[in-house]
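Next, two complexes with subunit A in common: one pairs it with subunit B, the other with subunit C.
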Partner chain A sequence: MLIRCIRCEKLKLKHSILWLACLGIPVIPAIMGTFNYMGNLETLTPGWANLWTQETLFYANFFYAPLIGLCCAYLWRLEHRNHNWNTLMSAPVPAWAIILSKLAVILRTLILIQIWVGVLFLVSGKCIGVENRFPVETLGWLLRGTLAGAVIGALQLFLSMVIRSFALPIILALLGSIGSIYAAAKGIGLFFPYSLMMLGMNSNHAENMLEGQLAVFLASSVGMLLLFYLLSVLYLKKTDVKA
Partner chain B sequence: MEIMIETKNLTKHYKNKTVVSELDMKVTKGSIYGFLGSNGAGKSTTMKMLLGLIRPAQGQIQIFGKPLQGKMRLEILKNTGSLIESPSYYGHLSGRENLEIICTLKNAPKREIDEVLKLVRMENQQHKKAGQYSLGMKQRLGLAAALLGHPRLLLLDEPTNGLDPSGIQEMRELICALPKRTGMTVLVSSHLLSEIDQMATHVGIIDQGHLIFQDSLAVLHEHSQSKLHLRTTDTAAALAELQRNHIPAEEKEGTIILRDTSDRTVTCAIRHLVYAGIGILRAEEIQMSLEDIFLKLTGKKVSL
Partner chain C sequence: MTGVIRQLQAERYKAKRRHSWAVVTALCLFLLLWSAFNFRNADSRELAQGYSTLFYQLPLFNTILLPLGLSVIASRLCDWEIKGNTLKLLCTLQRKGAFYDCKLLIGLGYLFVIALAETVSIAGIGILFRFTQTLEIHMLFLHFLQVFAAGTAIYLLQQTLSLLCENQLAPLGVGLAGSFIGLFSLYFPTQVSRLILWSYFCQFTPLAMDWDRASREISFYPTAFPLGLFLGFLAVIIGMYALGKFLFLRKEI
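What follows is the complex of A and B.
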């Protein structure tokens, strides 16, 4: 059943140019970060670690959430338009499968974006001739970031499902991203969904931000992921369809 | 007779306003149930409740003898096709791709797509984007989607809305042919009595959320007695002649109206007039309008 739903979600994305945004948008923080790195070479210790801090600073704090928010908004806009809610909800599939299939599509997109961010990091570093050993731990950070990204994806899916507007949830994602810096500074970053990305990606920090806190990070991420997922399913089950 | 849909005491409120009130509906197997009512009478709301799209405030729904709840609901939906409100479609996908999505969701074999496309005569437009379809084509695409998976029950909400006359005719023929071809039961809503008259075997009339009539079409016809309008060369003489022969008639704006349209009375009346040398210009049977029937059933005037 779930496989069928996922197949449908993939079908719905046919002919869309969403991939262009997913490909294009991460290039911006990569370029910004690279220039920032080169401009601050007097204060930064040259090397991969600091290039990472500069690139992910922009990506995790400003670009990721709106980007995944855009993907989520697009997925739900397909249902909001042309009365598709009626068709979706009168199909013989349970609510949990509908939400999980959309989440699966977002997760797939997210993984591809994360790989792309990794590739951009490597390419930009090679381009400006960063030397010394490539930090293998960044792979772990990308993986942690993927989990954090899934939490934001689940939240954005919920928002875009409830809010019929296309732009509003994306604006909320942007505000959430900005708020994430504040939340992290206040020390409640691990419990604010939008902050998880910067913590997970270890952005703007050369040393591990989650030293000794990895378990909390994992528990918080998985917990919130489940919370947003269940919230979406519950909403779908309990609310009257407005097509 | 097997009951396909049965509702008991079905009620729905929207912000203190009761949209559907204590509705007891019964749809038998193999029938085409015409669900008649003016706009805003509660037809769409009822049909959405029958699909579980919105939840009733009160009352029970049984479809195929099973309650419309939880796992049973999915089981019921598997055997139900629907076309609710305006047709739904993914505009950036072709008609065929839209059907592929529904086909996958219903877990129906892919070859059925060709079958339903043929049935609604859309083979030639199947690769065009659905967003570029005319309303009639979207409506037919919706019907094709509803027919996927060989449903036992079909719910069609105003399927002829927005279609041109030939489209309406085509849709009617399609719907009428379904029970005979497949044993399907059809619930079709409309605000036009004439339309229901041409399609349905059974009729339910809903007015301000209340089901004010539910029976076979034949019984409705007893309610909707027609009149015969006669125009003659000499109205006054004609009226006198009919009265002399004890045929009840009245005159209105130069037209003679016969309330009794039984074959016997009509032959009698016309024969007497012809023998009296009065020329008959027009003899026209006038059906009672939906308004008239509403008036008769509810005793109050409704605006349509």
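What follows is the complex of A and C.
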């Protein structure tokens, strides 16, 4: 059943221009972050670590969550149109499978985005001739970012399901991202979903921001992922639809 | 005249319960809290240049928030007809050009409130945190003008895209990318950043910043208001309006 649901979600994405946003938006920080890095070489210590912070600082802090929000809103778009909620709720498909299939598609998109971010980072570094070996820990940061992205994805899927508007959940994601800076500054970043991205991606420090806190990060991420998933399933089961 | 008022009234009815005011309130509150947050532990030196700090920082916050915020407002106001496929019927009752103008006026009304709320909140934050710097009224006026002018250009682009695209993914994607490009362009030389539409929330601020590396202190000094650039930008807005309306009039419905 789940496989069939995932296939169905993938079908909905066919011929959509979502891939353009997912591939195009990460190119902006890669190009501009690289130019910014080159323009500030007298203040920055040259190397991969500082190139990483320049490329991912604004991306992870402000724009990654709205991008995930855009993908999630798109996945619920069809249900919110033309009385499709009635069709969906009368289909012999359990609520858990509907949500899980959407989450699976989001996760696949996130993995592709993260691979793309990694490729852009490597290519930009090689193009401007950054010396030293490529930092392998970057792969870990990308992986942590994927997990953080999955948490935000689960939350945004819930918001996009509850809010019938396509656009409102995206602005909520941007406001959440800005709020994440405050949460991280107050030391509660590990328990605020939107802050997980900045911490996971290690976007504003050259050193590992989760030194000694990786277990808390993982537990918090998995816990929130389950919480938002169950919340979505429960809402879909208990609340009557407005078609 | 009655016709215009009636058409505007119809747009207002359509905007009812669309939560556009919630977006405006959220944006204003966020800008207010973000600005105020920076002054919670301000020392006497920071209070002595409090208004300058706000006039310098708020345009940066606007560059991050407003492009996406305005794209959401434009999408909320325009997807009504797209979703319901009512344009065909509507355009038998109303001129297409007037429809475009009414939508624009309603959207600019929201922008006006955002710009006004932001301008008033500058004075409010100054009183709340007891800034020792004197507030110059012409700076408040210029700030309002900057937010409204740059916002109008962005809103025109977003409204046109929202009306032209069947799928609101594209306009919102442009809004998100615009926030991103606008923010990054500020780190580029002025000649380059002036080519980017989304950077104009910061282009007219008549202030410059000086950062002293040794003492790690920031100070602001006044610069001349770029009147020529502003007039040129107004001409661009008029061009964008004409082009947007032309494209919408040509749209097959």
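Assume the second predicted complex is superposed on the first by the 243 of 243 C-alpha atoms of A that agree within 3 Å, B and C clash if a C-alpha of one lies under 4 Å from a C-alpha of the other, contacts with A are read in each partner's own complex, and residues count from 1 in each chain.
Note that a contact is a pair of C-beta atoms (placed from the backbone, for glycine too) under 8 Å apart; a residue touches a chain by one contact, two chains touch by 3 or more.
Computed from a predicted model, the values in this text were never measured in an experiment.
Annotation: superposed three-chain arrangement on subunit A; subunit B versus subunit C shows no clash, the two fitting side by side. Of the two partner chains, subunit C is the only one that A:39 touches; subunit B does not reach it. Once the two complexes are laid over each other on the shared chain, residue contacts for A:81 go to subunit B and to subunit C alike.
Residue contacts after overlaying the shared chain place A:7 against subunit B, while subunit C stays out of touching range. Within the superposed three-chain model, A:132 lies out of touch with both subunit B and subunit C [touch as defined at top].
Once the two complexes are laid over each other on the shared chain, residue contacts for A:16 go to subunit B and to subunit C alike. When the two structures are aligned on the shared chain, A:66 is found in touch with subunit C, with no touch to subunit B. Judged by the number of subunit A residues each one touches, C leads among subunit B and subunit C. Shortest separation of subunit B and subunit C in the overlay equals 10 Å (C-alpha atoms, whole Å). Subunit A residues in contact with subunit B (one complex) as well as with subunit C (other complex) are 16, 81. Residues 4-5, 7-8, 11-12, 14-16, 78, 81-87, 89-94, 240-241, 243 of subunit A are the ones that touch subunit B when the two sit in their complex.
On subunit C, the positions that touch subunit A within their shared complex are 18-19, 22-23, 26-27, 30, 34, 37, 64-65, 68-69, 71-72, 75-76, 79, 83, 167-170, 172-173, 176-177, 179-181, 183-185, 187-188. Taken in their complex, subunit B has these residues touching subunit A: 48, 51-55, 74-75, 77-78, 80, 82, 84-93, 97, 100-102, 104-107, 145. Within the complex formed with subunit C, the subunit A residues making contact are 16-18, 20-21, 24-25, 28-29, 32-33, 35-36, 39, 58-59, 62-63, 66-67, 70, 74, 77, 81, 165-168, 170-171, 174-175, 178, 182.
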